[in-house]
Structures are given as C-alpha cells and as structure tokens.
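There are two complexes below, and they share chain A, which is joined by chain B in the first and by chain C in the second.
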Partner chain A sequence: MKKYILIRILRSIFSILVVTSIAYMLIFEFVPRNRVFENDGIYAKISNRPEQLPLYVNQKYEELGYLNFSAQDEICRDTYGAATSAYTICMDTTSSLFSIAQAKYEAKGYVFTTIELSGVVYATREIPMLERLWSFFSKMVVIDNPNVIQDEAHPDLERKIYIGQNWNKTSYALMCSGCEHKYLVYFDWSFPFIHQNVVSLNFGRSLPNFYGIPTLEVLTMDQGINVLKPVTFPSGVTVDSGVLEYTCSYKSSLDSLDQTKFTDNYANCSLNKDAPSMMGTSFIFGILALIFSYLISIPLGMYMASHKGRAIDKVGMAYIVFVIAVPALAYIYLFRYIGSTFFQLPESYPSLGPNNILSYIMPTISLALPSIAGLLMWTRRYMVDQNTADYVKFARSKGLSEGQIYLKHILRNAIIPIAHGLPGAIIGAIGGAIITERIYAIPGMGKMLNDSIRVFNNNMVITLTFIFTSLAILSVLLGDLLITRIDPRISLDDKKKGKKKHVKR
Partner chain B sequence: MSNANEKFQFVKIDEFASEHISAPHYSYWKSVFKQFFKSKLAIAMLIMAAVIFSISMIQPLFSNYNPMASPDISDFSIRFNRPNLTFWFGTDHWGNSLFDAVWSGARTSITIALLATSINMGLGIAVGAIWGYNKVLDKYLLEIYNVVANVPFLLVAIMLMYVLGPGFWQLIFVLCMTEWLSVAYFIRTQVMIIRDREYNLVSRTLGTNAVRMISRNILPFLTSVIVTMLSREIPSIISSESFLSFLGVGLPPQITSLGKLISIYITYYGTYPYLFWIPVAVLASISVSFYIVGQTFADASDPKTHR
Partner chain C sequence: MERKVILSARDVVVKFRVRDRVLTAIRKVSLDLYEGETLAIVGESGSGKTVLTKTFTGMLESNGFISEGKIFFEDQDLVQIKNNKTWEKIRGSKIATVFQDPMSSLNPIRTIGTQITEVIIKHQKKNSKEAREIAIDLMDKVGIPNAADRFNEYPFQYSGGMRQRIVIAIALACRPKILICDEPTTALDVTIQAQILELIKNLQKEFGFTTIYITHDLGVVANVAQRVAVMYAGQIVEYGTSHEIFYSPKHPYTWALLSSLPQLGIKGEKLYSIPGTPPSLFYEVKGDAFAQRNPYAMNIDFEEEPPFFMITESHFAKTWLQDPRAPKVELPSAIRDLHATIVKIYGKEGV
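And then the complex of A and B:
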C-alpha cells in the first residue's frame, strides 16, 4: 500500500509538471511577446524615446525569460571588471578591446544591436524553449539559506542560523541572518500554528498588473485597508503600525523612517490588512460552497428518494434539468437577480466588503448550484436503488422505521461514493470560481486569471494554471486515499491477494 | 370410407400464411417516433427549437447586422427604445436593433454548438468504440485521460483561447480539444460493459471481425445512451461558448454571439433590463429546447419503453 501511495504521489506530481510545461510552452511560444506592453504605463511613457525604448523592452524580456540581454556597460564590466582602465576603453565601441568582448559574446550566441540615436550597443540572445522551460522549473523551488543575500552594500553581513525571540519576546523562532527572510520557522496562534519561510515557490514577477511583485506574493498577500495597532520595533520605539514582523525580508538600503525602527536590514515587511488574500478569498468561497452543496443535496436527495414521484421529487428533478440545460451564465444572473430583488442581498462582493456576512451568501449559492444538481441526482438515484437491496428489505422486515433505515443503513453505505465524488466537486468548484468571481467581482484567483489574461500577464496565468491544476490533481489523489481509509474492502493496490476491487474513475 | 373421403379435401400449402409470424409488426424507428410524439412537452420544445433555429439562420441574412457598424449612431431618438412594434426587442446604446443583434448572435451560438458537438460526438464515439474494444490502446489512452480529466475544462479552454487568440475556428478547436476525450471515455466504458455479453461472444466465435462487431453489434445497442449524451453536450457547449465570449477570450469583435451580447449589455442590467434579459432568455430557450427534445428522444429510442 505504501508503495502504491508513493507511486500515486509521483504520478500526480508528474501530471502537474506535464500540464504546467504544456501551458508554459504554449503561452511563451504563441502569445505575441510584445502584447505585455499594451497595458504597461512605463512603456507608454518612454515609447517616444527611441534611445531608451529598446533597452527597457529587452530588459523586460529578460525578466520574463524570453532572452538574455546585456547592455554595453554590462558587457565591458563582465569582460574586464568594473572601474578598470580596460573597462573605460571598452566603453568606446570603436576600440579593439570592445571588439574582443564582442567576439566573446558573439561566440555565446549573442546578437549585437546599435541604437542609432545614442550610439549605445547592446547584445541579446534568444533562449531556446527547452532551456527556458528548464530554468523555469529549476528556479521554481527556492530554499532559503544564509548565503542567499549577496549585497555589495553589505559585504560583511553576518551569516548564521540561530534561535531567537520575536520582537515582543513572547515566542521563540528559528531565525537567520543572510537569508532572504529573517524568520525561518515560527509559531503563532493562527492556523496551522507552525509556519515556515524556508521553502518557497517562485513563478517570476507579475507584469504589468501588480507591477514587479512576485506572482505568488500577489496571490497570498492580504488585501484591503491597513489595520494598525501599536507595535514595539526592535529599536524600542512603539508606533501604530500594520507591520507583520514574521514576514520581514532583506532590504538593501534602509530609508530614514526604517532606521528609527529597525536594527538590522530585515525591514521589508508585509502589512496587516483587513481582507483575506486572493487565494484566501477563493478558498473561503470554495469551502463554503462545498459544505453548502453537501448540506443541501444529501438530505434533499434522501427526502426525494423516500417521496419518489411526489411533488418534492418533481421539483427537485425540474431543478436538475434546469441546471443542466440552462447555461451557467444565465442561471447565475437569474439567481443574483432573485437574491437582490427579493432578499436585498448585495449584487457584488465589494459593495459590502469581506467583513459582512451578507456578501458571502449569493456567491456561495451561485457556486454551489451546479454541484447541488449533480449530487442531488446522484444521491436520489443511489437511495432509490438501495431501497430494494436485501439489507434494506431485512431492516424493513425487522420493523425499523423508514427514517432509521435511511439514516442508519443506507447513508452509512453511501458515505463511500460520497467521498468518491468529493474530488469531482472540488474540480467543479475551481471552474465555477472563474465564473462566479467574475460575475460578483470577488477579488480571488478566478478573477485574477481573467484580469491577467486581459492584460497579457503571462507569469500570472502560468502561476494560476499551476495552482488550479495542482488543486485538482491533489484532490483526486486525496479522494482515492480517503475511500481506502473509509472502506477496508477497497484496495487500490494490485498485488494484494484475495478480494480485489478496483476503483474506476 | 369413400363417402368420408369425399367430405374432406386436401388443402394446398399456403406459403404466405405459413411464413406469417404471429407477433405484431414492429419497426424500431416507427416506434421511436411514436413514443416521442406521445410527449406534448417534447412536441412544444421541438417546435420552439425549430422556430428559433430557422429564425436565427434566416433573419441575419436580411438584417445584415454587423457588430462593428452602427449606422444609426447619430440618431439619438432611436437609442434605448424599449421593445415596441418597430423594434421588437428594442434598441441599444448605439441605436442598433436588439432583434437583429440577438438573432445574429443566436446564429453564431447555434452554429458553434452544432459544429463542436458533432466533432466531439463523432470523434468521441469512433475513438471510444475502438478504445473499449482494444485492450492495448486502453492502457495508453487511460493514462492520457487521467491527466486531462483532472484539469478543469474551463481552465484549459481559457488557457488555450488566450494562447490562440480570439476567433471562430479557434473557439471550435478549443471546445473540441479535450471534450471529445470525455465522450470517448464514456463510450469506452459502455462498450466494455456489453463487449463480452453472450451474443457478442457468439458473434465473435462465428468469426465476425472487429469493425462489424462495433458497428453492428455494439453501437446500435448504445443508441439511447448516445442520444442522451448528445442532448447534454449541446447545452454544455452553448454554456461554455457563452461564458468564454463573456470573458472576452472567445470571439473577435467582428462576430457577435449571445454570450458576447450579454457581456456588452450587462452594463445596462439595472437601467435598461430588457437589453440584458432578452439575450439571456433566448440563450436559455435554445439550450433548454434542445435538451428536452434530446432527452425525450433518448427515452424514446430505448426499446424498453416501446409497448
């Protein structure tokens, strides 16, 4: 069994990598690369300065991983070292030293271009697709260690990992000097109580919306208005601030305000805000919708089965037909209309904000509508089928009431298929989130995908593809493992002798 | 003796009568239609589907609606006219008749739905039948299916549309790209169930080849299952298409569809509700009528319902 689980996990990771690679290759091969500038403010500003434009454009392409880009000073510095006399001579493009450097770069596959107006020379090298893909995956997992920060301004930065206390001296943490983050492992009272900053994922930077912030940070940082409370900083001053001390990371140069608060260079901290992050928002809605749909559909399905052919059964069946036949766009708007006109619920999430419970009602219902229909259909059919099973007949002949039969006998058996349907419900909720978040203007991952596509934010699209795919594939894996836990008769392992029952998906 | 013989006479063998089978006459398709037309709802929906289909195919030929051109844009008096006798569905913010726009959009939506559905079903049934019949192929296709099925369809569709750029044929490609595989998987399971039934074992022992087995023994058995799938496929394609267009990754500006009209007129949701609700209603009626006709036909095509 352990071997089986291991193989399944490896296979799931492989699937995630395959899907992400395909997405990566397609996006970076087929989406025209210059479209990223369509909504870029800086590009628009310098677009009438032909001496700066190519430098900016190529620098951005390098950031996005399309090519290697070296400006003239970088070429000379790289070949002869900074602030040497050879470097100064090399900066003249007619010199022999420059030609040597040029030949060196050309051997590596660089192509030289001269900007006519300023006479500045730069070199670019297209990175082949497979190399790009490799560098994407090799940079993806980042492990923080004391040698990460290589800062010319602070060459004698102390490099060590130690156990220290937080600012208020209320808790101990594994801390680091020389790492990207100050706190590597720390404890607090929010779920899951033990947190780490050692291993992180890197998908590149967001461009052009959320300009220059790492994509994963965009998705995980809090949104909304700053929440201020008195904080005692390492220097001893106490100010009303929103700083979250555990998020502090390295900052090369401290401004005068930082200097009054911090004693070291770990001053780049996130701020505490009142609304959950995009990821958090999406998870809240996903989980609410999942719980809601199970809470509604299983009792209702049972009730429909025990009242087969009566009015309630017919209403339920009509609802199933309605959800299958009517396009999602139409019924979500219809429900939104009903909610706002008859129950005075907000038509969009931002109108009352994340801290008002009313904002959550209609989006959750909309997200749950399709999965309720699927579960309802399934539960009803299962119950109707089981009604004539031998164990039910026996229970009935023993004189048990219908309620007892349904709750104590049939429902127990139904748990397994219910657990089996869970991954499907999660996959459905991911797709549904893209629709509902757009319609209710919920600042979550589904809306972010939509926004990113509109402004050609390739890195963000890949990050979201990765997250959604991983969620879907992992939920299938967990669903399979869950049913082997619940039902000992089911073994997913081929080698087990005796009763063999495969679960088909 | 002789008298007795005279009273009887030999009767010649009546070939016609001896060949007659006393069971009542049964024609499969006749029974299917008879069963289908028993349902009044289905007839009403069939008429509705036919009317919507013909209007949306014919009306755009005369209206010459072009989403890029607004000929009456300078005439303020015909902006935001509520539905009246001249403009049956009213006019929008540029003075375009919503009636023209809706049917032009409906034509695109129906065309896409029918094209994509026929590709998905055709490819899916063909591959699925072979898949279910061939055990070597099963191993490989199942692996591919497991990867594809675990990724949300809408995510794949949005991603591919983003990569390919907006366009009619791109949209059809994306709607077919992964969807046929789920059809194929479903058919595979159905084929596997009936592949080894006695009548098929007998047929195989008698030397029937695989193609004939699939086309004569197995697929006819699946008629009602296939029609059920078909009736679900059309609404699901219409739903996906409308949603992709709504997100702005579906069709280019020159082509309109119901999803696109909805996304344009959502701005007037509160002020001029008819602009928003009429396209929604037409979209819903198309897919509901197709679905109910399909479901009833699927029920009718199951011989168990024939009396």
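And then the complex of A and C:
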C-alpha cells in the first residue's frame, strides 16, 4: 500500500514536471518575446528614449529567463571589482582593459552591442532552451534559510533561527533572522492552523499585469479594499492597520513610516483585505457549484433511472442534450439573461461585490449547469445498469423490498464510479472556470488565465498551468485511493491474498 | 401417486409488449407441482421455461403480463397479486429462486454474510446476531469450510462453485416450500455441476422442499428429476415421469431433443440437430407449433392444435401421433435403445 502510493506520487510529480516543461517550452519558444511589452506601461513611457530602451528590454528578458544581460558597468565590475582604478579605466570602451573584459565575455558566448546615441555598451547571451528549463525548475522550490538575505546595506544582519512570540505575545512561532520571512512556522485559528513559510514555490514574477509581484503571490493574496483594525507594532505604536504580521518578509530599506512601526527590517507585510484571493474566489464558487450540482443531480438521476422512459426522464434527457450540444458560452449568457431579467440578479460579480449573497447565485448556477448534466447522465446510467444486474434480480427474488434493493444493492454499486470522480470534482472546483469567471467578471484563477494569455503574461500562464495540472493529477490519485475504501474488490495490498486485484491505471 | 398439489397453474398465457407488437411467450400452459417432488422443465432456448417460472414469483419483466389463467399456491391465485408487498412475502420465504450465473448473482461489494442475513432478517424477523448464527449454520450445511471465518468475505474471494453454494444457502435461508433452479449448473464446470446437484438433492431430503429445475441439459434431468415437462414454443408438449420421458417418449419434439444429446453421438458421424427454428411468437401459431420442423408431421398438424393424449396416468403428450387414427411411426434410431446406450455410457442404470 505505502509502496504503491509512493510510486504513484513519484509518477504524479514526474507527470507534472513533464506537462509544465512542455508548456514552458511551447510558450517561451513560440510566443514572440517582444509581445510581452505590448501592455507594459513602463515600456510605453520610455519607448521614445532609444538610448534607454534596449537596456530596459534586455533587463526584462533576463528576468524572464530568455538571456543573460550585462551592462557595461556590470562587465567591468565583474572583471575588475568595484571602485578600483582598473574599473574606472574599463568604463572607457576604447581602453585595452575593456577589450580584455570584452574578450572574456565573448569567450562565454556573449554578444556585444553599442547603443549609438549614448555610446553605452552592453552584452547579451541567449540562454539555450534546456538550460532555461533547468534554471526554471532549479529555482522553483525555494527553501527559506538564514543565509537567504545577502543585502549589501546590512552586511551585519544577524543569522539565526529561534523560537519567539508574535507581536501581541499571544502565540509562539519558529522565527528567523536572515531568512526571507520572519515567521517560519506559526499557528493561528484559520485552517489548517499550523502554517509555514519555509518551503515555497517560485515561478518568477508577473509581467505586465500585477507588475513585478511573484505570480503565486498574485494568486494567493487577498483582493478588495483594506480591512483596518488597531494593531500594536513591535515599536509599541498602535495604529489602525490591515497588516498581517505573519506575512512579513525582508525589506532592504525602511521608509520613514516603516521606521515608526518596525524594529527590524522585516517590514514587507501583506495587508488584510475584504475579498478572498483569486485562488480563494475560484474555490468558493467551485465548492458552491459542486455542492449544488451533486445535491441536484444525484437524487434526480436516481429518480430518472427509476422512472425510465417517463416524462421526467425525457425532460432530464432533453436538458442533458441541450447542455452538451450548446456551447457553454451561449447558455451561460442565456441563463444570465434569465437571471437578470426575471429575478433581478446582478449581471456581474463586482456590481454587488463579494459580501453580498446575491452576487453568488447566477455564477454558481452557471458553473453547475454543465456538471449537473454530466452527473445526471452518469448517475442515471449507472443506476439503470445496476437495475438490470443479475444480483439485483436475485435480491428481488429474495423478497427484499424495492427500497431495500435500491439502497443496499443498486445505490452502493452505482456510487462507486460517482465517488471515483468526487475528488476530481472537488479539486476541479478550486481550478476555477475560465468561461464563467470571464462572463461574470469574477476575479478568480480562470479569469486570470484568460487575462494573462491576452497580455502575454508568460510566467503567470506557466504558474496556472502548473497549478491546474497538479490539481488534476492529485484528483486522479485521490479518486483512486477513495475507491479502494469503498470497493472491497480493489485493494492496494499485494501481500495478502493473491486473488485481490490491483488498481492499474 | 396420490400426492398433494402444492402449486397449480391453469391455462396460463403470458404476453410481452415489445415495441408496438405483442409477443405471446406462454400459450395456455397448465402444470401441477406435487409436494416434495423434483420437476424438470426442459426445452430449447426461448421455449418459455424461465418465463413460466417467473410468473410464480411475480418477476416478469415490466413489459410482460399474464393475460389469462390462474396460478394457485397456498389458497391464493398468484395472478391476482398486484402489489409488491404481497410478492415480497412470497419471494424468498415461500418460493425461492437460484439463478444461472453465480458469478453475477451476488452483489460484488457486499459481504457474503450480509447477503445471507438480510433475507433472514427480512422474512424471519430475527435480529442480526441470530441471523448471523443461522447464516453460518447454513453456510456449513451447503459445504463452505470455515464458515464463520468466511462470513465477512466478499464474493470475489469465493470460487464459482462456492458462490453457487452461497446462492443456494440464501435461497434456502427461509425454508421455502418451492425452490426454482434456473439452470443452476450451466455456468459451472462439470465436476462442480455434479457437486451442486448432489447438494440440492441432499438439502431437499433434509428440508423437504419442492424443486423445479429449468434446464436444457438432459443429463441433469436424468440425474435429479422425478418428473419432466418438455416445453416448446411457449407450451408444454409432453410431460411424465423421467423414466417415461427417457424410455418411451411420445412427442416428436421430445424425440428430436433426445436425439440431439451429444452423449448419443457416434464417433465420426455428425451430431444430430433439430432442423429449422421455432416459430415466431409474435404471430398466432396455427396447428402444432413443431409441425414445420417435424419429419413426422401430418396434414392435421398444420391445421389444428393437438390436444393432450393420455399415455399413462402420469404421462401425457400433445401430438396427433397419439390419435388412434394416426399411422404408427418408428422411433428415431438414436433413441430407440436409449436405455441400453445410457447403461453403456454410464455403466449403470441412468434413471
């Protein structure tokens, strides 16, 4: 059992890596790199300054991993050290010292370019795809440790891991100095109660929308307006603030406002806002739609199966065919129109906001429509299948009542394939819905994917691909494990009785 | 021979609605079942054997219905029962059924134990602990070793023969008066077949129930049945004691059926098979249903349906050949000395 699960997990991780690699290669190879700037405000601003533009462009390319980029001062500093006389000489491009540095760089594969207007020289080196892929994955998992922060402004930063208390001394936490995060492990009253900042995933920064924020943070940070409450900061001042102390991370230079509140450099904190994060929003809608669709389709599917061929069955089948045949875009607009015209429900989520229950009704229904159709079809089918099974006939010949037969024999067998899909449905709910979120302007992951593709936010697309892939693979794994709990014929043990079957995928 | 009739079917007609047409599956069948006996119903596929016995437990498919006739069992007419509640009291507790395929007769995801006890709890109103004891006792009786240990196992942990034993145990859990065995050994291999037949025989002695075998395996019939009813195209065409049916069959269909026993085949010669196909039951059958395939058919066979002719007190055949006006015909050679052949094959008295 343990061995099997371990192998499955390893295989799952491998699959995730393969899918992410393929997505990475496709996007970074085939999407023209200059389109990244199409929606970049800074690029637009400096596009009429041709002496700066190449520097900015190449710097961004380096950030996105396309190439290595070194400006002239970096080349000289790298070769001769900062603030030496050799460095000063090197900064003259006609000097022999510069030529030596240039030769060194060219040996490494760099190509030198001179900006004609300013005479500034810079070097770039295209990074081969496999090398880029490797550096993407090697940087992906980040483990926070006391040597992470190497800040020239604070060379004497203390480096230690210790157990300390939070600001108002209500809880203990594993804390760190020298790490990226101040709190490594902490406890609070929100699920799952024990939280950690030690291991995190890094997919690069979002560009151009949510400019410069790490992609994963974009997806997980709260949205909406700040929620303020009185907070006593480490310096002792009490201010109305939305600061979340456990999120504080290292900040190189404190501004004057920070200095009144913080006693160390861990002043880069997230703020408590009134709307859930993109991931959270998608999750809320997903779970609501999931509950709604299961509540409707399982009983209705059973009813249709037991009234096969009657009016209710025909209506249900008509609905299934309608939803499957008509594109989602069309019937979601149709239902939105019905909802807004006849029930005065809002046409978009932001119009009443996340704190009004009416905002949730139409998106939830729209999300549930297709899954109701699918579930209805399968539930009905499984029930009808079981109804003609030999053991159901035998149960009937035993004199069991129809109710007993339904509950003990038909439903239990029909529920197995439905249960197999349940983790997938739950996890799929987190993934969000691209079309529904777009139509109702719901700030969730589905809409983010849509927006990111439109503005060539490549890192974000990769991040979302990674998340969706992981969720899908995890759900398959969980489904398989769940089914072993329900179906006695499937066992993951290979030592016990030889007759037991193995789960194979 | 004066025995108590436990179940009596009179002129039963069963019809099925198939799309917009009506199929008459059982055409005026009358049958008496005597207490404690073993009756075998034989006939080729589609002759109505299973449909007939399904009427005894109200298990006809939803498009089937009994359009005429009466079935008397324990002073009530089963045809008149319309609600499931009444049927639930008869099924399992008074008339039980064992189906053909033990592999699929048991629910794959419930334990053997619960599948036996649920019927005991339902019909005998026992609590689960008492039911468990009864069930383990039954499992012992049908020959499951270590019954108590295997109580909580699942069907997939049992072999085919063991599952059929369990099915029998479930069928007999409430001491039914009648056990209908619908081809109980067809899906099992030959060695297991004999064991299962032996088991049912022994249990019948112990429990004293009446058995109806539905089969097309005449070997099974010879082994277990006291009386045999031969069905063709929704009718019983001949019935009598198994001795009578095997050694002095009167109906040409019975002859054909016996001639096609693979055991009677002679090496190097083609096995006998009945030519043609049974008539479509969507249309009314004129005359003798077997006439088209019957080499002994006379003109009247195509015109008028034969009545039952009594051969002995227990032996009846529905064929014009028994009419005094009919010409004498020779038995087909294959079955003329059936008795000798069977003795030769099995080395002992067959029936």
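Note that in this section the second predicted complex is superposed on the first by the 460 of 505 C-alpha atoms of A that agree within 3 Å, B and C clash if a C-alpha of one lies under 4 Å from a C-alpha of the other, contacts with A are read in each partner's own complex, and residues count from 1 in each chain.
Here, a contact is a pair of C-beta atoms (placed from the backbone, for glycine too) under 8 Å apart; a residue touches a chain by one contact, two chains touch by 3 or more.
Note that this is a predicted model, so its numbers are computed, not measured.
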(message) Is A:I46 touching anything from chain B or chain C once the two structures are fitted on A? First, second, both or neither.
(response) neither
Notebook entry, point to check: Given the touch rule stated above, what does A:L157 touch, chain B (first), chain C (second), both, or neither?
Noted result: neither
Per residue count on chain A, the busier partner among chain B and chain C is B
Looking at the overlay, does A:I213 come into contact with chain B only (first), chain C only (second), both, or neither? neither
| message | I'd like to know which partner A:I284 touches here: chain B for first, chain C for second, both or neither. | response | neither
Original post:
Between chain B (first) and chain C (second), which, if any, makes contact with A:A328: first, second, both or neither?
Top reply: first
Partner chain in contact with A:I13 - chain B first, chain C second, else both or neither: neither
Note: overlapping chain A surface for chain B and chain C spans none
Within the complex, chain C is touched by chain A residues 389-391, 393-402, 404, 408-409, 412-413, 416, 486-489, 497, 499-501
Within their complex, chain B touches chain A through residues 146-147, 149-155, 158-160, 162-164, 189, 232, 235-236, 238-239, 242-243, 246-249, 259, 262, 276, 280, 283-284, 287-288, 290-292, 295
The answer for chain C against chain A in the complex is residues 57, 59, 84-85, 87-93, 96-97, 99, 101, 104-111, 118-119, 122-123, 154, 156-157, 167, 170-171, 174
Chain B partner, complex, touching residues on chain A are 15, 18-19, 23, 26-27, 30-31, 321, 324-331, 333-334, 427-428, 430-431, 434-435, 438, 449-450, 453-454, 461, 465, 468-469, 472-473, 476, 504-505
